[in-house]
Every structure is written in C-alpha cells, then in structure tokens.
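Encoded as structure tokens, here's the structure I'll be asking about.
Chain naming follows the written order as A, B, C and D, and within any one chain the residues start at number 1.
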Amino acid sequence: MIPLSWYLILAAALFCLGLFGVLARKNAVAILMGIELMLNAVIINLIAFWRYLKPDQVNALVFALIVFAVSAAEVAVGLALVISIYRRRGTVAADEIDLMKW
Amino acid sequence: MTPDMILFLVIALVTLAAGFMVVTTPNIVHAALWLILNLFAVAVLYVMLNAGFFAMVQVVVYIGAIAILFIFAIMLTRHAMRDSGPRFNTDWPMAAILGVALLAALIWILSRWQSFMTLPPMLTSDTDILRQLGQALVSPNAFFIPFEIASVLLVAAMIGAIYVAWGKSGGKK
Amino acid sequence: MAIETLIWFVPAPPLLAFFLILLFTNRNKALSHTIAVGAALLSFTGSMIVFWQALCVEELGKYPFESSINWLPVAKGWLAVGVLIDPLSATTLFFVGWTVLMIFIYSVGYNNYGQPAGDHDKPGLQPHGATAADEYGHTHHVPSIEPMYSRFFAFIGLFAFGMYLLVVSNNLLTVFVGWEIMGLCSYLLIGFWYAKPSARAAAIKAFITTRVGDVFMLLGIVYLYSATGTLNFRTIFSEEILRRLVETPAGFLGLSTAGLISILLFIGTVGKSAQWPLHVWLPDAMEGPTPVSAMIHAAAMVSAGVYAALRMFPLLNAEWQGHGLTPAMTVIAFIGAFTALFAAVIAVAQNDIKRVLAYSTISQLGYMIAAVGIGAYVAAAFHLVMHAFFKALLFLGSGSVIHGVEHGVLHTGEHDVDPQNMFNMGGLKDKMPVTFWTFLIGGFALSGFPLITAGFWSKDEILADAFGHGHLAVFSTLALAALLTAFYTMRQITLTFLGKPRTESAKHAQETTWTMTLPLVVLAVFSVVAGWSGIPKHFPLLGMFSSNWFHEFVGGTLLERPETVEFSFIPLLTSLVVALGGLFLGWLVYRNVPAGAEDPLKRPLGMLYTWMHNKFYFDQLYDFLFVRPVIWFAEVFTFLWMDRGLIDGILHAIAHFTGVLGSFFRQGIDAPIINGFGDLVGDSTKKAGQSLRVIQTGQVQQYMIAALIFVFGTLIFFLYSLP
Amino acid sequence: MALLSDPVIFIANWIENLLLGWGLAPLLVTIIMDLLGAGIISVAMLLLVVILIVLERKLIGRLQGRFGPNRVGPYGLLQTIPDMIKIFTKEYITPQGADIFIYNLAPIMATSAVLLLWAVIPYAPRVVGSDINVGVLYLVAVGALGTLAILLAGFSSNNKYALLGAFRTVAQMISYEVPMVLALLVPVILARSMGVNEIVNAQYVWYVILAPLATLILFITAMAEVGRAPFDLLEAESEIVAGFHIEYSGLKFGFFYVAEFLHAFTISGVIVAMFFGGWRGPGAETYPILGFIYFMIKTFLIYFGTIWVRGSLPRVRIDQLLGFGWKILVPVALTLVIFTAVAEKMMFLMAATVIVRILVHLVINLLLVLVLIVIFRAQEARRPLRKPVAEPRTVALGRHSVPPESPSA
C-alpha cells in the first residue's frame, strides 16, 4: 500500500520542476510546457486527495476536470499568443520580449 | 516493498526524469516528446489511483490535443527554435534555488500535517464513481454552474486563440 | 374675446412686425411693407373695436376697462402693469389708430414703392432718382425707391408700438417705457438718412434734448413712487392719496409734493412736446422723411407729451380751488402761452414748408399746454385730437407737395433747387389738385376758419375757457398767436399753391400716387367733421343741434366733471377776427411774389425779421451755453485732466506697483522657494525612478522570481508565527 | 468440448492454473497473462496484415477492371511474401539533419497505436484484452497516438513534403476526431456505458438499426482517420510526393504500411463492435467460438466496404475535406447526439418498449437524413456549375469515334 505522502511529494517535485521551467527557460513554448507540468502536479494532488481522503465524494474529481479544461484553454491561448508574437517580432525568447521595460 | 510500490517508484522515476528533461533539454521538440512521456506516466499514476477515466482524459486531452498543439506551435515557430541559443535565461540559478526551496518548504509543510502518511481506504466496488461524477456535473444543486462556466471558458479560449493567432497571413489551423 | 384681453393685444402687432421685418423679411420690400401695414391695420381694428366698446359703456370714466398683471417683485408686493381704457385714452386711441394707419399707408407711396432702384442711391441717403426707359426708348428721370425701405417700416412699426403702449397703459412706468421707445425711434428715424451730416446732428439733438426732459420726468416718477408707493393712475388719483400729496410739503420753494411732482413730470412733457425752452429739436427733426415728421408731430411723440400732461391732470390741479392758479399750473400756463406766441412768430419767417409746419406744431402744442395750465382739461384734449388730425393732414400734404416738386426737379434736372423751399413753388393748385384741396382744408382747420373746420371749435373752446376763467394774459397771448397762425398758414398756402410757378420744377410738378393722396382725403374728412363733436351747447344757432358729446365723454374721465363755461361773445368774436383777419392779411401780403424775390416782410420788419428768421438765435444760445461747455467738459476736463491725468495716473501707479510687487514675488518667493520645492520633488522623484528603474527589466520571468521571493518571505514569516 | 466451444478462455485458464501451480504470485501471474495476451494479439494482428494486403490488392484490381497480383502462388495469393522479403532486405536511409530518435520512434508509435486499439475490443464473449469502463475514451485516446506518430514522422524526417503531409494529416485527423467522438457517443448513450464490452453486451438489437446515421458518420470519419481514399491526402502523390513517410525506407516504411492496413481493419472492428453487435450472433453465447467467427465475418465485410469505397471514389481536395468535416459532419453529429440523448431519456422515463424505442430512433435518424438531403440540394442549387475547361476528346481512334480534326484542316 502506497502512503499518500509519496504522491504528494511526487506532485511537489513535479510542481517545482515546472516552476523551474517557467522561471528559467528561454523559449516561450517551453515556459508553457512548464506550466503544463505544474498543472499536472495539481491534478495529481487532487486525485490523490480524492483517493486517500474522500473516495466517496466527487468534488476533487470535478475540480480536476475543471483544471483540465482550464489548462486546455490556457495552452490554446498561450500558444496563439506565442505564435502572434513570433509573427510580429520573429522571436519566441522570453527575455527578448521586453517591450514593456523602461 | 510490494510490487505496486515498485511500480509506483518506476513510474515516479519516469515522471520526474521526463519532467526534468522537459525543462532542461535544449531541443524544444525533444522537450515536447519528453512532455508527452511525462503525461503518459502521469496517466499511469491515475490508473494506479483507480481513476482510469482521468487517465483516459489525460491521454485524450493532453496527448491528443495539447501535445499536438505544442508541436504545432513549435513547428510554426521553428526557425526561431532552430537558432541554438542558451536554453536558459541569465538568472536560471535563482530559479533553481527557488524551485528547490519551494520543494523543501512544501515537503516541510506537508510533513507537519497529521494525515500525511494515510493509506488508501478500500474502494467499495459497487459505487460507480464515474456515474456520480457525471450526475454531479449536470445536477443543478451540485457542480452544474462550474461545469457550464468551464465550457464557456473553453469556447472563449478557442475564439480568442483563433483571433490572436490570425495574423495577416491566414489563421493558425 | 374679453375687451380687456383685446386691449392687451392692441400694441402687439407693430412690435411683431418690427421683429419680423428686421430679422427675416429685410430683403423683401413688398413683404416688409405688407407686414407693417397689416400690423397697423390689426392694431387699428383692435383700437376701433376698443373705442366702440368704450362708447357703449355708460359712465366709462367711473368704470373704465382695466386689467393688470404683476410684473416686477418689489420690496413689498408686486409692481403691477396693465392696460386702462377710459374716455381720454379711448379718444386718443381713436385718433392714434387712424393717423398711424394713414401714415403707414402713406409711407408706401412716399418711399416710392414700385419705382426702380436708384442709379447711385446709397443706404443712408435720400433716393436721388433713377433713369428709366419707356417703350419709345426715351429715358426719363423717375423717383427711385428708398434703399432702406424695409428698415423704415420696421422703425415706424416699433414707433407705433411705443405709441399704442403709451396710450393703453394704466401706469406711469409703462407710459415711460413707451415714451422712451418713441424717443429711441425718433432718434433712429430723424437720423434715418444717416449719411447726411445734418440728419445725424438733428437726430442727436432731438435725442439729447428730449433726454433732458425725460430725466426730469423719471425723477418725477421716482418721487411719485416713493411718495405714494404706486404708479397706477387710478390709485394715484384716488382722493386720499391726492390729499396726502397735497398736504405734505416738498420742502423746495415752498411747493407741495403734488406741485413738485407735477412740475417734474411737466418738464418731461416740455421735452417731448417741444415747448420752450426745449423746443429746438423739433424744427431740425424735419431732416427725417416726411411720414416721420407727421408721425412725430401729429400722431405720436408730441401728442404723447400732451397726453401725458392730460393724464396727470388730476395731479396737476390737485390743489386747485377753481380760481387762482397753483404755482405748478402757473408755470405750465405761462410756458404754454409763451411757446404758442413765440413759435408762431418764428413760423412767420420760415421758408421751408416743413419747418413752418413744425413751428406751427410747437405753437399749437403751446395752446394745449396753456389750456392744461388753466385747467381747461376738455378743451386741451379736444384740441389735441383735432390738431392731430389736421396737422397730420398738413404734414402729409406738405410731403406730397415736396414729392411733386422733387419729381419736377428730377424731370428738369435743376438740382440746385431746394424742393422744400416755398419760394421755389407756386401755382401748384392746378398741378396737384387733391393735395391742394386737402392742404387747404388742413390749413383752414389750423388757422381756425370759422364754423366748418375742426380747428375753429377746439381753438375757440380754449379761448373761451381762458376768457371764462379770467386768465386775460393767457387769453390775449393765445389770441395774438392765433392771428399769427392764420397769417403764416395763409402765407404758406399762397406761396405754395396760388400764383404763378416760380421755377421749372414747380411747373413740372405732378400729383402723387393714390397711396399718398388717399390718407390726405381721409384725414381731410376728419379734420372737418371731427370738430362737430365738440360744439358747445349754447353756441348761437348751432348749439341747439349739438350735444357737445366730446365734452360729456372726455369730461367723464375726471372725478368731478368740469362744468362748461358760460357763453360770451368776446372770445367768439376774437377768434373770428383773428382767424379771418390773419388769413386775409397773409393772402394780401403774399398773393403775388415774383420769382427770386425775397420775403416782403423782410424790409418792414428789418432786424426783427432776421431774428425771427434765425429763430431768435436759440440754437446758437444753447450752443454757447450748453453744447460748448459740455464739449469742453468732455474733451478737456474729463478726458485730458480727469481721465488721462488723474484716473490713468492712479491706474498707472497701481499697475507699476503691481508690476514691482509681482516681480518681487516671482524673483523672491516663487522661483526660489515654490519652484525650488517643486523642482526638488520632481528631481528627487526622477532620480529615484532612474535608480529604481533597473528593476523593471520587462522580463516576465524575473518579475515572477521577485514575486516568488516575496511569497517566500511571507510564507516563512507566517510559518514561524505559527504555534 | 469446452476447448472447441471456447478455446481462448480454456487455454487461458489452463496456462494460468499452470503458472499458479508453479507457485508464482497472483499479481505476477496476472501481469504475465496480460503480457502474453498482448503479445499474442499483436503477433496475430501483424500476421493478419499479410492476408489483408493480398485481399486489398486483389479487390482493388477487380474493382478497377484488372487482375491485380497473379503471379506468385495460386492466384497470386502469396504475392506478399516476396514483398515482405524485399522490404526486410532494403537499406535503411536516414536523411541528413533528421532527428534520429524521433525518426526511429515514429513508425513504432504508428504501429503500436493501431495495435493498442485491440486491447479493448471484445472478439468473443468474455474474450477481451482489458474490460475497462472507459473503453470508448480509450479508443479515442489511442487514435490520438496515431496522429502523434504521423506528426513526429513528418517532422523528424527533415523534409518539407513530409512536414506538409504531416500537417495535412493532423489537420484532417483533428477535424474528423470531433464528429467521430460524437458518433461514438451515440452507442454510449444507448448502452448507458462507456465500456466497449458493455456496449456489445447491450446490443440485443444492433445499434445500426437504432442509429444508422451515427453508423454512417463513424464509417466516414473512420476512413478519414485512417487516411484511406477518398481521404488519403496525407499521401497525395500528386501534391506532396509521398506524404509523411517519404523519407522512410525498408522496414520503417513497412511499419507505416502495416499500420495503415491494420488501422483500416481495426476501425472496421471498432465499427462492428459499436454498431453491428460485435460478436453477437445466433448461438454465440453458448459457443463463443461462433462469436469470434461472427465478429471476423462482420469485420471483413466492413473492411470490404472500405476497400470498395477506396476503389470507387476519387480523392477530395483538402478544403473540401475540412469543409465537409466541419460544416456538415460536426453539426449533424451534434444534432444526432442531442436528439438521441433527449429521446433516450424520455423513453427511459416513460419505460417504452423495445419496439417503440427502435421506431423513435429510426424516425429521428430518417428525419435528420431528410434534412441533410434538403440542405445538400440547396447547396447544390446555390453553387454555380463550373464550366469544363475543355471538351472531352477521344484520344485513341475507336470504331465509332470521329477522327480528331487537325488544326491545319
């Protein structure tokens, strides 16, 4: 029997990896991938909590579903933004997209 | 050390390794592939959590839609990807430190939680959780509104994505 | 429609016409005069209806038509304005309506409606005629249409509004408003041909001179209001208010309040009715177009003066016990009588046909004022009406004559001929028959030709009153004036119509259009028949047919009906003698004056004639006494000394001081302290921003890192603050 | 007897008991059994492809008025053997600048994606790879894998035609996945379950009768998914030389080749399981071997239908393809799902009999078909006829054909 902590630690590690990706990657697409990793970690957490704490209630599952929907939407819009930025500026490097600087 | 523990460790290893590759590999296409592998592993985790439905949804949504979108985006921005610059930006050590610190903090906080080491309760086989989920999603006194809002969000995201990506040279797909 | 409401609407149409013409129809001449005459016709109809209604009421004097509305909120309660129709105003309304309508119609012809536009006419100048080619190709010089045709009708429309307002109003305030409106219009109309310097001067002269009177009248009104707290006639003329006014002394020359107010108001009348010593503006007012002259002298302004005097009659003779005049009445009677004689004397020596009429107007007004002065209320009103008719007739007739002669001038092309000088006329009887006969009737009426003309009855009544109440001085003065009146009237008629034409222009003069002759005929009829309404009862032979309706009717205005004087033959004979004698003398002296000859009276009278001819140098006197000092005061004292020297000096000093102060503030306080502080804030902000802006790299990931570090800080803080 | 009536289960139980007898842990035994079953199924399917290839080539030949392979073996039935040998012995060409890992991964993914489909399709009563309760979703998910494989292949082989083909494929597949999922929802609604096994078990009446329109849609979309004619744009030789697998050679190409054929067959199997009652047939419960036979027969019939379509219809343009998918199939499928769901719910509430249920669903489908036909007519009427570029002329002189006029004469 696997204790809950394993899943939680796994999710935490995955989340931190995604966070690192988001913070450190140059490529905007890669940043979006990092966000996907973080969302996955969240979903893992939700489902693990459902399984271990409230297996007879569907709330956690509903939340997981909504996280799915949100992540899909986020990826669609994010990638569209990346593509249009690429169209306009010819780059997808996050640190070159700094028009908002002083 | 039961087999499922071994299985879990293997899967977790795959997951973390794939995730690490995702955030570190210089080739962005490989990163996408590692992401797919990572997603698969996560789907297997769902299966191990008796959430086969979510495993399937994971595969359909993430691999069938999101990963494909990623690869599309990568290919549409390919020769920006081709220029082999540094994979990280200048202050990646700070990011690494932050990540590790966050992990430590999370683990520390979790370890202070009393039900940290709980074991999974036995699933009563007669309860079809999927049926409950479906009914909860459409029953007005449960999660009907969030469900609808999520669908609206999806539609809005679709329209917005098409609009944003619709440059002077045609649409995205 | 209730009669009171109708009264409200009587003055409205001309005002409406004024605005309509001025604002909209200024371009379209036909539409303009249609609107104006239509408005006059409306007012005329209204006033006739009102007059008829007034006739149908018994004891109108006690129960007049009156309605008023609250207009101005004053300290306590409201200042009410309203309309009042009592016998006096009804009668005035009657002749005002007729004369105004006639003058409007006349104006159409006088301003050459239907003629071509002038060759070189300019706005502000009289039309100089145009060349028109007939079907045979011959070019004729024909009169040209007035360039400012529409404007003329707008002005006389406003003028008519003022007159109607003055007549129907029931309180001194609106009377004064109408009064001033007429003053403005007289200014505008006398200066109608503003390109002529003489017209400009005359306009200014008329305006200023009448202002002098108006100021005093305003003083009187204010005094009256402060004394009684009301301006409504019937309230003022109530017993107790009059008694209070009489009993409270004014503390000025021992006059009572009533007396002082009367004199102040009367000065206004003097100004308006051109009594001596404020008579000088009226002859110069002849610079305006002839309908204007008629308007001013017959229908409107001067009558307005007398009308106001009659209106205030109960106040004037408030403290009068029947015989022995009050100081106010003495002044009035004296000025009236003197003006009558004085103006008549001047009139004898004038050559300009319109000036003669102007002076005769002054003297006739003198008659009325004198009548008012001696308390002959009904006689004054009677003469006012009659005079209005025949003087309007005379003026319009003279205008017609001038027009005919101008036509002749245009025809012959001798432009040095003054078409208004009687010595350039003569023999027009055959050229312009209608004008001649109507003018003759008017002249006889003016000179009081016995029994048939209206002037005879009115003038005779005044004389009878003067004699009957034993004011022999007034009586003799008026009689002498009557003699002179008859004389110069006959002189005018003879010089103008009888004898031989003295110039080519006179030869080629021709009768004017129907729009000008029709009013002449109508007015002629009135100036004959109107007089029969006032034949005294016990006049020999005729008296038994007469009911002396006018006396009954107008006399009813007053609270105690004035009794008619008992008949005596002396005034009757006097008037007969002076009228016929004057006429005969005039014909005798001027029956055959050859062309280019000078006035036959010149040699016998000698020095006196020159004085008369120059109006006793009153203009020069006023010029020396008032105009020059005022000009000096204005240009030297006020402008140079006061304005330039004192006020500007003070102002410049203040300005300089302010400049110094301002520069001190700028240099000493503003720049170093306030600006310094502001700049300090600004610079420090900028420096801070420059030193801080390195944080804003524009790279979202660094932002996220910063945010996360902060989150960690808070997280750790809270975790350590946990138990 | 049991062996004859139900060989698969019999053998499975035997081996399982044998292993347990060796004293292995039950979990380990299950794992071994699963692996064994998976291996058997994969091998069987890959061998089945041999038959499929011959069958298809012969049928296409017939449909096109020629003989097809007829040299090797009786009737050329063994034609595939030399082909296989040839393909095995070909050289592996790896284009320069190709992404080796992905380049090699793609064919394996393509084949395995097809093989994975068989994990949830029941061949016979109680004979199913794994009876998961979200089988339909599993089918869709694995279909996504195939898409991914093609995309990777096109991308990794560093060839613009390959990339174009991949893009086309992905666009086509993603467009047609939507109506396919909707069409798959209809049997799910009817059977009130997402498990393929339950759906098959619930088909006392074949769902093709209850939902013919859904069947048609699934058929069309399945062909599009597979990428067979008339939807074989991913390998439109006239436009993009050979599509995504232009750079592949030897066995790697063979993988794609096999994958395509097998995919078509698999989809037929899915259609059968969804709408044609799967293994259902007279006596199938008692003799499961019959069920297997029924299933194969039905599947081959459907497969024959696909071949027939492929042989008969020309290839469509890409815009026609996408327009048809998005403007017609998606709305129709959506309407159908809604109507079916509502009708099903109502009849469930009023406890209607089977006959009424069938009739109502039939009426709904027919109505939709009618509306569809009306819409088609309207569009046809609105679209202007394209005038032909040139008059068709007989090139060869036939007996009745006039001689072509020469420009000089």
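Simple rule for what comes next: a residue touches a chain if its C-beta (ideal position, glycine included) is under 8 Å from a C-beta of that chain, and two chains touch if they have at least 3 such contacts.
All values derive from a computational prediction rather than experimental measurement.
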item	value
Contact-richer chain pair [A-B vs A-C]	A-B
Chain nearest the overall Cα centroid	A
Chain A-chain B separation of Cα centroids, rounded to whole Å	6
Separation of chain A from chain C, taking each centre as the mean of its C-alpha atoms, in whole Å	98
Distance between chain centroids, defined by C-alpha means - chain C, chain D (Å)	113
Distance from chain D to chain A - Cα centre to Cα centre, in angstrom	34
Sequence positions of chain B contacting 2 or more other chains	57, 65, 72, 89, 91, 94-95, 98, 102
Two or more partner chains touched - positions in chain C	699, 701, 705, 708
Multi-partner residues of chain D (each touching 2 or more other chains)	none
All touching chain pairs, where touch follows the definition stated at the start	A-B, A-C, B-C, B-D
Residues of chain D that touch chain B when the two form their complex	25, 27-28, 99, 101-102, 105, 132-134, 137-138, 140-145, 147-148, 151-152, 155-156, 163, 167, 170-171, 174, 177, 194
Of chain B, residues touching chain D in the complex	3, 27, 29-30, 33, 36, 52-53, 56-57, 59-60, 63-65, 67-68, 71-72, 75, 128, 130, 173
Chain C residues within the chain A interface of the complex	693, 696-701, 704-705, 708
Complex interface listing, chain B residues touching chain C	89, 91, 94-95, 98, 101-102, 105, 109
Chain A - residues contacting chain B, complex	1-10, 12-21, 23-27, 29-30, 32-34, 36-37, 40, 43-44, 47-48, 50-53, 55-56, 58-59, 61-62, 64-66, 68-77, 79-84, 86-87, 90-95
